[in-house]
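Take a look at the following structure, please.
Note that the chains are named A, B, C, D, E, F and G in the order they appear, and that numbering of residues resets to 1 at the start of each chain.
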Amino acid sequence: MSATATIYLLTAAAVFGIGVYGLLQARQILRQLLAINLMGGATFLLLITLGGGADGPPDPVPQAMVLTGIVIAVSATAFALALLVKLQDATGSSDLDPPDAE
Amino acid sequence: MTTDSATTPPSQRIPTPSGRARLLWGVQCAVILGVIWLALTGVDALILGAITVIAGGTAGAWAVPGMPYPWRPLRLFRFAGFFLWSSISGGFDVAWRALHPRLAIDPRWIRYRLELPAGQPRTLMVSILSLLPGTLSADLEPDNVLLVHALMGSDPDAVRADVAQLEREIAWFFSLPEPSGDGR
Amino acid sequence: MIALAMDAIIAIGLVWLALRTVRGANVFSAIIMFIVFGLIMSLAWARLHAPDLALAEAAIGAGITGALLLVTWRRLQVLEGSVPQVGAETRSLWLTLPTGLAAALLIAGLGWVALSLPAEPATAGELAWQRLPEMGVSNPVTGVLLGFRAYDTLLEMGVLLAAWLGAQVVASEHRPGALPGPAHEEVPLVGALLSLVVPISLLVAVYLLQAGGSAPGGAFQGGAVLAAGGVLLCLTGRLEAADQASLIERVVLILGLAVFSGVGLVMLPLGEPMLAMPGVWAIYLIETALLLSIALTLVLLFAAAPGLRRRL
Amino acid sequence: MPSEFLIGLIFLPLLGACLAVLPWRWSIRLGVFGGLASLPALLAALTLAVIRDGAWYYTLGGWTAPLGIRLFVDPLALLMLWMVAIIGGVAAAHAWHDFRPGTPAGARFWPLWLLLTAAMNALFLSADLFNLYVCLELVTLAAIPLIAMAGTATAIRAAMRYLLLALLASLVYLLGVALLYNATGTLDLYLMTDGLAASGGPATSLAFALIAAGLLLKGAVFPLHVWLPNAHASAPGPVSAVLSALVVKTAIYLIYRIWLWTLPAEDPMQGAVELFAVLGAAALIYGGILALLQERLKLVIAYSTVAQLGYLLLVLPLASVTAWQAASYQLLSHGLAKAAMFLAAANILHAVGSDRLADLERLDQRTPLSLFALALAGVSIMGLPPSGGFLAKWLLLEAAWREGRWLLLAALVLGSLLAAAYVFRILAAGLRREDPTEAEDAEGTSPIGRRQAAYALLLAVLALVAGFGAAPILDIVDAGIPAGWSAP
Amino acid sequence: MNLQEVVATALLLSGCFFYIAGTVGLLRFPDVFSRLHALTKADNLGLFLVCGGLALQQGSPRIAGLLLVIWLLGLLAATVSCHLIARRALQMTDPEQRP
Amino acid sequence: MMDWLLPLTGIVLLLNLILGMLRVYRGPTAADRMLAALLFGSTTVAVLLVFAEWMDVPALRDVALLFVMLAAIISVAFVGLPESDEGNP
Amino acid sequence: MTFGWQALPLYVVLISVVTAMLIFALGEGRQHVRTALNLGGAILKLVLIMLMLLAIQSGASFEFRMPLLPGLDLVLHADRLTMLFATLSALLWLITTVYAIGYLEQSPNRARFFGFFSLCVAATMGVASAGNLFTFFIFYELLTLATWPLVVHRGTPEAVAAGRLYLAYTLIGGVLLLIGLIWLHALAGGSDFIVGGSLAPLAAGNETTLRAIFVLFMLGFGVKAALLPLHSWLPRAMVAPAPVSALLHAVAVVKAGAFGLVRLVQDVFGFDLATSLGLTDLLAGLAATTVIYGSVLALRQSDLKRRLAFSTVSQVSYIALGVATGGVLATIGGLVHLVHQGLTKITLFFCAGNYAEGLGVHSVEELDGLGQRMPVTSVCFTLGAFGMIGIPPLAGFVTKWYLGAGAAASGAPWIIAVLVASTLLNAAYFLPLVHRLWFRPLPDAMAKRELAITGGRMQALVGPTIVVAAMALLAGLFAGTPGSPLFWVIRMVGGEP
């Protein structure tokens, strides 16, 4: 395994972990969505790095998978944001558990 | 809903572009697109390029910002030279100031009343002004007053002279009557 | 060595930005951090020899998602009105500590496992390279997307359609806070930007579609670029949300799915399996349909509206 | 040609969804009928083919795996597909009234519904890990707007929570898939086994742990069930039915697929089945208790789903023919019964205007048929004879007894007692009357109400009849028993 | 090392210099508007020089054209963004303190 | 030819990016953060162009083109933001 | 799986199911159609059972078998024990239906009531004709399900509470049964009922297991049979309408439990095996305790129906007692009590229902002098009470006689003591009632109260009462005649009478 791949693997691991942390610890949905998108990025990075992107001819299969994944992620995010606006409109709060609940 | 629409006087509103304006801009657009296409693909896919350029031109005509002004192609070169030179000197100027140990700046606001008509000339004015040494167009206030942020505002008149210089160049480029350069 | 240093800088940047996204001072700052994360991510893709992804990341990650996040944040603020945000932005310490710990453990575990991975030959990837000539395209990613794994791509169009349908449901009883208003037409530069960027986005979209056969690019990147032009039109108020999608919009929305399925089905009576491509022309036909559908879907998702209406 | 039927199962609903997007009434109708009504016929043909030839693969695009994507149909897949066709079909018929084509709600509803159907069919047939990811996302993204269609604040909030957790789950799953691709060089579920046996190591263990975590979250297995009750309870009736009966099952189905088909028998991750069982048992009891504590009908039913999913996981360590039959039968009968309950609950909610248990007195007069359907379905949920649920529970008990798993046995018994408690609590609420001498209500049931109730009743009766039709069904299912389990 | 290479090297290095100068300005300047100056002007010059250097190194007129297009578009984006952000920053400041 | 030139340019530009992160971090106003994002945009374009040359992946120039094309979109989106308390750090 | 005439037991079960479904489908209105359905179903069923009875007499056998699960069949067959129980419940169903039609006139939810009533009988028929334990269990649980709506029929808080208690007991009993069944299934496979016991070959080495299984079954059946610690649901269930009480006590539920105990001892374990494992002693002890305990408690009840309920607790245990004592005579006594107790107790409940409906009488004190106001009912009540006490030549006496003789023959004199004590107690709680009816003056208030049952309703209520009372009387009077229950039981137990 090349050093480049190692670096990016560790990066992916770290970003994924940070994303999980952010998701669990964030209160606002917008932040949680950001965290999820970070995790998505990390997953994609891992997929490509593991696919041997750094040495030899790049493996096109993970690239195609990530491309699909990116499009799915953006659709899901866009829908989530629309839903978020609706949530704010319907409940007056953009948190899942309003502060007074705690 | 935003404050802008409430405060913007009607004089600044852009009238619905005429058919001629659309055509003119569409053609200009198509030329630009053609150049870009060639830069992107070379000469490999000319037919698709032609179709795309026509489609892009149509889209440009649809999205036309306002009345385009006629300009003379030959004057482009001189104008480009002016533009290049002023942006390079603007870069040097700001780099020097940023790296100066004592930060050689003295920010100040300056108002300058434009005489250029709305549309392309004024657009060009507002955008290029930000690339000139020491000036930055911050807002276009009612009555065509341009709010300029000057990095070296200790000598307002020098700044005004720079702005006026640009205004003159643009007027010349579009074959407009020379502005007074007074800005008040 | 110097290449490694570059990778290290990119990696540090990514991790730091991720951290700042999560721990950002306020939501806005977190969004900006995330947008920048996307920028650096495309550098990482570049370094990993994945220019297709760099293109997609540039168009989708940095362009559309960023704008979408900012605009949503703005809509939320408008809806919130003058009511100040109540409560802390993040959870209390007793929750933060264990989650932090869990995340750290996850990172360590993932990292350890990733490092201990053997360098396996990628069977499917090798096969893809070997059999690429049968496809008639020379960009392996396009080959995988529209040939070997075309079925994924087809279902992915379903995902896009579902997302639009979802936005339609959500928008049905609620007009989302209007987009940054038509006021911007009066800002001279925006009009100019628009009149240039929209045609160029069209051009670049077609270019990417055309290039996709042999070089990085393809329907997704092209569609995203075209969508970016549409997003700009929405942002500047040239297009505004409509209650209903017009017939043309509906047709374009399902075009990708329908054409893809149709072409896939065409070969069935001839004894070929489902989704066998009749030829390279079919790939381009499908890609064109996909591009249009993707672009329109993304724009509609951005507007969070069932349909769009022209203004001006 | 059975392969065409296979294709039709996915593509007819998909193209139906495309048609239903178009604005005309006829296009929506055509899409719905073409996409849903055709499924049973296709399935019947497919079932015959499977009985004759056994399980088989279909290679999409002619690109053989591991390069391309395969579809795989076997009795387990068939069972799930039948459930989609029947439960989805009846729920669609129930939804027809509220979401009539030509109305704005109908125009929004049907494309999503068809997409959901297509996605589930695709998921049950797919043999490719990444393709399954796409399917899972499609299922989620089609299901959540359907929840949001209820339009209430609770529904929106529930949809949001579901969406966030579902996205998280897919990503965790995808991370596992990435590791597996690296380890084996293939994404095919069934080709992967050899590679896994060869490579092993911490990476694949972590990969399967991640996949399991993602699927458990999507499948709302205790303690990852938090999103489910509100999401299922606040959705429109037919949607709740399909969510509880089918959509959560997709994740459980994948757990079965991966653990029983993909994972080599000697892999250390096989030990995870014990964890699944513990979670299943905990779900059974926790879900049961919470269902008992709810004050709203639909929430009771939703928590009941949390509990009932536990049975499906309990099966995993029992590894025997009986356990396999139990799992199949639980899948089937819970699906039918739970869908019936949600449809009935929707009718009750519609008629009474509230689904608080406190408001449900004299249901036997206000919505007699729906209450009856609720009761019949409840019999199956409780696992009392004569019903499909009883047979499933019997098989489970038998399997647990044979293996000497006393704790699981105890959990099963406790779980079914809790189920009886909450089901009868609902029924008692429905039969309650403050004044026993009160004369009969004048308000009759409208023809529409009666038809809606009939759909619920149909499914409930099917769940009951399943108690008598086990022999032929199990004959087919037995042919698809996973390799490691076939030893008596 | 021929002249073309020398010039290309010089251009690239000076491009880097201007980028760094712009960033230094961004960090050192006291307020938003001053920072805008630094960013717009220095970065544009930097991009121009880098593009020029690369074009020289490549030597292909098509790529040179592409680089020119990129630079011009970057210019457009920079000035528009600069103007918009300045406007925005102005709007956000207290109306009392507006210049 | 000069093997060191392009990587060096790349690394200097990347360091420039790291430097710029400080401004995003510090703020203090939303406009400042936006500004820094712009810096990232323009620097990334330069890095991509250098990479395209250095790694011999011409497609990266297309990526750079996309970036410059789309950079303004974020700004336009930003300007549409409301005027309430976004400036607080 | 054959659907020819051998499947007659299935059709007997299905008749009631179909009747129930038709009644449900019919809805609340159209009372006459419902009545026709009810009676038609009941009569048809009775006819079929009679046919079966005749056919069995001439040596025919009936069996319906359908595989439910691999290795587990749903088996419905008809042996003599089946016919005993089936005839009893079919006959009483018909009579109770007539009574219920009168009783529930004008009250709400009759469709539901009669629907579940029919289902209940269907389940009872299934219990009676179950050919193996698995089938038995299915119908046994179905019986629980079908009776619950009847218990909570009135929907009042008390009714709902009683229903909850009923479920708590019966469902837990069902679970015990289920566990025992699974255990047995794992041990022996799905074995059918074989007269004399199916488990004897397995006994060696499995004694403890078999004991445990027996206890599980005993508790499972004991819940419905209201054996001692498990009886308290029964008195509480008295809130239900009188026909339901009749059903619970005489026709279906309690009898199903007792019937299960009979099957358990006789056909599953076999008496010899059960005795050798010491299990019959256990059962006999429990039954004897229940007999005494139920009677003692009955003595203390002032509510008429509750007193009758505790009397049931006591009397039903005679059946278990008889079967557990073993020997031909005691078994005859136990089995025949299945019928005799049914006839007698249903008479008493009908009468109690008549008192409650006619004059609103619920408690024992209010019975004073009612012999004048409601003479026919009171005569029937008296007959029933005497039958319960065991005054010759009434049915109860026959039972006790055989039980006592059997106990003596089996060398268990303590059982005779129990019988004597029980009889004394029976007399102690029934004779005061009879005394009140006939020899106490009628209070003025009661004399002025208007009789609520008149006309057709009168016929529907009093008619069945007379019929069951007469049957209880005749069953005792003509105990030895061919066709009588005793005759049938003797043939069953001893081969030929």
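The criterion applied here is as follows: a contact is a pair of C-beta atoms (placed from the backbone, for glycine too) under 8 Å apart; a residue touches a chain by one contact, two chains touch by 3 or more.
Small disclaimer: the values here were computed from a predicted structure and weren't measured.
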Taking each chain's centre as the mean of its Cα atoms, which chain lies farthest from chain A? G
From chain C, the most remote chain by mean C-alpha position: G
Chain centroid nearest the full-protein CA centroid: D
Greatest contact count: chains A-C
Give, as an integer number of Å, the spacing between the C-alpha centres of chain C and chain B. 32
Dist(centroid_CA(chain B), centroid_CA(chain F)) in Å evaluates to 23
Provide the C-alpha centroid distance between chain B and chain G, rounded to the nearest whole angstrom. 101
Distance between the centres, which are taken as Cα means, of chain B and chain A, whole angstrom: 40
When you check chain D against every other chain, which residues touch at least two of them? 130, 134, 137, 141, 144-145, 148, 175, 179, 181-182, 187
Interface hub residues of chain A, defined as touching at least two other chains: 16, 46, 50-51, 61-62, 65, 68, 72, 75-76, 79, 83-84, 86, 90
Can you pull out the residues of chain G that are in contact with at least two other chains? none
What part of chain E is in contact with chain F in the complex they form? 1, 5, 8-9, 12-13, 15-16, 19-20, 22-24, 26-27, 32, 35-36, 39, 43-44, 46-47, 50-51, 54, 57-58, 63, 66-67, 69-70, 73-74, 76-78, 80-82, 84-85, 87-89, 91-92
Along chain C, where are the residues that touch chain F in the complex? 2-3, 5-6, 9-10, 12-13, 16-17, 20, 25-26, 28-29, 32-33, 35-36, 39-40, 42-43, 46-47, 49, 51-52, 54-55, 58-59, 62-63, 66-67, 70-71, 73-74, 77-78, 82, 84, 179-181, 184, 190, 193, 197, 200-201, 204, 207-208, 211, 215-217, 221, 225, 228, 231-232, 235-236
Along chain D, where are the residues that touch chain A in the complex? 130, 133-134, 137, 140-141, 144-145, 148, 152-153, 156-157, 159-161, 163-164, 167-168, 171, 174-175, 178-179, 181-182, 187
Would you tell me which residues of chain E are touching chain B in their complex? 17-18, 21-22, 24-25, 28-31, 33-34, 36-38, 40-42, 44-46, 48, 62-63, 65-66, 68-69, 75-76, 78-80, 82-83, 86-87, 89-91, 99
For chain C, which residues are in contact with chain E within the complex? 187, 189-190, 192-193, 196, 200
